[in-house]
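One structure is given here, and the rest of the page talks about it.
Letters are used for the chains, namely A, B and C, taken in the order the chains are written, and counting of residues starts over at 1 for each.
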Amino acid sequence: MTAAPLSAGLARLRRARTRHRARASAALALAILAVAALTLSIGHTVTPPLDLLRALAGAEVPGTSFALHQLRLPRAVLSLLSGAAFGLGGAVFQTMLRNQLASPDIVGITSGAGAAAVAGIVLFSLSGAAVSLLAVGGGLGVALLIYLLAWRDGVAGTRLILVGIGMSAMLQSATLYILSKAPSWTLQEATRWLAGSVNGAQLGQALPLLAALAVFGTAIFLAARDLEALRLGDDMAAALGVRLGRVRLMAVLAATGLVAVATAMAGPVAFVAFLSGPVASRLLGPGRAPFAAAALTGALLVLAADFTGQVLLPSRYPVGVVTGLLGAPYLVYLVIRQNRRGTPT
Amino acid sequence: MTAAVLIAEHLVSGYAGRRVLAGLDLEIGRGRITAIVGANACGKSTLLRTMSRLIAPEAGQVLLDGRSVHRMPPRALARQLGVLPQSPSAPEGITVAELVGMGRHPHQGVLARWSRRDDEAVAAALEATGTAALAERGLDELSGGQRQRVWIAMALAQETGVLLLDEPTTYLDIAHQIEVLDLLTDLNRARATTIVMVLHDLNLAARYADRLVAMAAGRVQAAGPPAEVLTAAMVRTVFGLEARILDDPVSGRPMMLPYGRHHARPAEPAPAAGRAATGARAG
Amino acid sequence: MTAAAAAPQRRAARARWILLLLAGLAVAAGLSLAIGARSVPLAEILSALGGARDSVGEAAVALRIPRTLLAAAAGAALALAGAVMQGVTRNPLADPGILGVNAGAAFAVVAGIAFFGLSSVSAYVLCAILGAGAAAAAVYAIGGIGAGGATPLKLALTGTAVAIALSSLTTAIVLPRGDIAGTARSWQTGGVGGAGYDSLRLGLPVLALGAALCLGAARGLNMLGLGEETAKGLGSRVAATRALASLGAVMLCGTATALCGPIGFVGLVVPHACRLLCGADHRWLLPFSAIGGAILLILADIAGRVAMRPAEMDVGIVTAFLGAPVFIWIVRRRRAGALAQ
C-alpha cells in the first residue's frame, strides 16, 4: 500500500467511527426523551399523551396542569440537568486521572460538598440557596485541598486518588459527627439531602445548573483535546505540547464546579458521576473520551432511576438509593475488570 | 560539520530538591544519532527529560535552534521536538490509527477539524514504521515490539526534526531491540531526523550511534564518536568495571567485553580506583 | 563484629520500648478512669477499683472501667489486625477501614436485623465477624486480580468501591424501615461509650484467639515480607501463613467492629508508628502494635470525652481525624510509581 490510498483509508475509517458515535449519541438523546415523556405522564395519575402535550403547550388541562407544572416538570428538569452535570464532571475526572474509578464520588469531592451542606443545615439552620452555595464552596475547597496535598513535583494521578480517599474518610466522619449532633427536625432534612433526591424540585433550581453547564461545559469543551492527550500519560501529554498544570487545574475546577452545583441541587446522587463515563464509552466505543455522551448518559440515568424509585419499586425510594443499588454491582464489576487489565496509571 | 541543533548549557536539574545534574554542558549535532549511556542513576534520563522540558531545570538552559526550550510555547515546541518517554501508557481499547493520530495534537488548534494533512502525516508515519497493516487493530492486541513501533509512529506523526527517546528498547528481546534501532536509523537517514536516545546496552549504543555521550554522577564524562568514547578507561570510570574493547567484526564499531571476578584479567593489575568504585557500589 | 554485637543491643532497646509502652498504657488507662464529665481524684479511683461504689466519683469510675477495657481491647485488636494486614498484603495502606471491613460488618448486622430479626448482642457479633470477613476476603480477592497483585492503589480503590457499594445496600435496606433506622445509624460510627461487661465477656475469647493466630504467624509474615517467591524459596509455608494470619486479623477487626462499631485508621497509623520504634520484624512489631493500639484508642476516647465536654464525640470520629492525615502523609511520602506497582 502506498501513502495516498492509505491516508484515504484512514479518513474513511475515521468518518465511520464519527458516524457511529453520532448515532449512539442520538440514540441516547432519544432514550432521554422517551423516559422524560414517561416521567411527565405517570405519577399518582396517568396523563394521556394528548393532555400532556396540551398542558406542556400552556393550555389549562384540569387535573394535569398542576401536577405537571408544579411536580413532574420541575422534577424531570432537575433530574436531567443534575444528571448531565454529574456525568460530565465525572467523565472529566476519569479522563484526567486515567482511571475509571477516580470519579468525584470516590475521591472525596462529593463528600466535601456533602459535609459542607450538612454543616449548613444542622449547625447554622440554613436552607435553600445558602445550602447550595455552601455545598459548592465545600466541593471546590476540598478539590483544591486534595490537589495541593497531592502536589509533589506536579500532581500524579495515583497520589491524587489516594489522597482523595483519605480526605473522603475524614469528611464522612465529620458528616456523621454533625448528624449525630442534629436535632430531629434538621436531621430529617439533612438525611434526605444526603440520600440524594429530586423530591420537592423547583424550576428555579434549574438556573444555577444551566449556568454551571454553560460555563464549565464550555471550558471543558475547549480543553477536550488536551484532556484527550492526557490519556496517554503526563509525560506523553507534555511531549505533545499540553500545559499539564494549567489543563489539570482548569479541569479540576470545571468538573468540581459541575459536580458541586449538581450536589447542591439534588444531593450526592450516588454513582452517577462514576457510572456515566464508562457506560458512555461502552456505547460509543473506545478511542475517544466521551464527554458529551457522558452528560447524556448521566441525564438518562438520573431520569430513569428517579422514575424507577417513584413508580416501579414497591416503596418510594429517593433517586440516590436507586442509583446506589444500580451502581454498586457495576462498580465492583468495573474494579474487577480494571484490575484484570492492570491499572492504566 | 553540522551545527548543533540542541544545546544544554550549565544545566542543573533534579527531582524534589535532589540534584541529579550539576552544571552539565552538551551539544547535540543536527541530523545525527546520539546515544546517552551511563550507570544507573547517573542522570541520563534526567538529562533527556530536562532537554525535552518534561522537567524544568533549576539553573542553566536548553536551546533548540537558539531558542530556550523551557520558554517556548509548549505547542510550538512540540512541533519541533518529539519525546517518547519510557513505557508510555495508552487508553484502553484505542486503535493503532487513533493512537498515532494523537501525534497530530500539537498541529491542531482548539477548534480546528481534522484535516487531510493530518491523515497524510499519520499514513506516512504508519508506512515508515511498517505498522500500516495494524492500523485498525487495538494496541492491547500487539506484541511488545509492534507496540514500540506504534509509539515511534506516533512520535513521527508529530513531524518533528528532533526526536528524543528514553530507553526505547527496554523490555524488548534482542531481535526486537535490533528492529527498533534499525527503524530509528532508517528514519535518521530517510528524514534526517536528529535522534537522541538513552540506551542501557553499551554495545548497541556504540553500534547504532554516530556519537556517544557517557555520563557519570550527573556530568558528561566523554562525548564523541564511539571509537573515541568506548574505551577501557571510560568503562572503568563510568561503570567501575574492567573491560576489554574489541572491534566488532559485524559493524566495524568498537565493542566491549566486561571482566567479572571469575574471568581472566588483563596482564596489568587493575587500578585501585576501579576496584574502589566497584566496592562502593556493592556496599 | 558489629553485626554480632548489634543484635543483643537491639533486643535490649526493643525490650525497653515495650516496658515504656506498657507504662504508657497504664497511664492512659488511669487517665481514662479519671477524666470525663466529672473528674475523679486518685484516691477515689483506687477505692473504686477495689470495689467500692459509695461516692458519685466511685460510681463514675465503675462506669468507666468497662469502657476503658473495651477501648484497650478494641485498639489492640485493630492495630494488630492492621499490622498483620499490611504484612499479608505487603501494602502500606492496608487497614480494616480501607479494606471495607467496617462496611461489611455494618451491612451484615443491618441485614441480620432487617431480614432475620436478630436482636441479641451475640448474634450481632457473629454477624459482624462474618460480614467483616466476607468483605475483607472479597476486597482482597478483587484487589489481587491482575498484574502486580494487590497494589496499594488497587487495594484502596477496591476497598473504597466495596465500602460504597455496601453502604448503598445498607441505606436501601434501612430507608423503608423506620423501625431499624436508629440501630443502623449506631453502626455508622464507632464508639466505646456503651460498653458493658456482657459484650466484653462475649468478645474477649474471640479476640484472644485471633491475637494468638496473628502472633503465631509473625515469623511467616517476616518471610512473606521478602516476596512470595522468595519466601517459598526459603521454605516458608506461604499459603498457610497467609490463611492463618488473615483469619486472625479478620477475627480481630470483625469482633472489634462488632463491639464498638466501625473505627478506622487505628490499624493504619499504629503499625507505621511502631515500625519507627522497632523496625519491620513482625515478632516485635505485632506486640508493639497491640500495645500501641490500646494506648491510642484509650487516648482517642479521652479526647472525644474532653473535646466537646459535656457532650461526647464518638471515638471513631476522633480516630478518623487523627488517622486520615497520617494516611495522606504516607501517600505523599511514596513515589507515585510505587503506589501503582
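As a convention for this text, contacts are C-beta pairs under 8 Å (C-beta built on N, C-alpha and C of every residue); 3 or more make two chains touch, one makes a residue touch a chain.
Only a predicted model underlies this, so the values are computations on that prediction, with no experimental measurement involved.
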Chain centroid nearest the full-protein CA centroid: A
Most heavily contacting chain pair (counted by C-beta pairs in contact): A-C
Of all other chains, the one whose Cα centre sits farthest from chain A: B
Rounded Å distance between chain A and chain B, as computed from the means of their C-alpha atoms: 42
Chain centre separation in whole Å, for chain C relative to chain A (CA means): 35
Mean-CA-position distance for chain C and chain B (Å): 50
Overlap residues in chain B, where contacts from two or more other chains coincide: none
Residues of chain A engaged with two or more neighbouring chains: 152, 341, 345
Contacts with two or more other chains, residues of chain C listed in rising order: none
Interface residues, chain B side, partner chain A - complex: 15-16, 49, 52-54, 73-79, 82-85, 88-95, 97-99, 101-103, 105-106, 108, 110, 114, 116, 119-120, 122-124, 126-127, 132, 135-136, 138, 155, 158
Complex contacts: residues of chain C adjacent to chain A: 93, 97-98, 142-148, 151-154, 156-158, 160-162, 164-166, 168-169, 171-172, 175-176, 185, 188-189, 264-265, 311, 313-314, 316-317, 320-321, 323-325, 327-328, 331-332, 336, 339-340
For the chain A and chain C complex, residues of the former touching the latter: 99, 101, 105-106, 149-150, 152, 156-159, 161-163, 165-170, 172-174, 176-177, 179-181, 195, 270-271, 315, 317-318, 321, 324-325, 327-329, 331-332, 334-336, 338-343, 345
Chain B contact footprint on chain A (complex, rising order): 1-4, 6-11, 13-14, 98, 152-153, 222, 225, 228-229, 231-233, 235-236, 238-243, 285-288, 341, 344-345
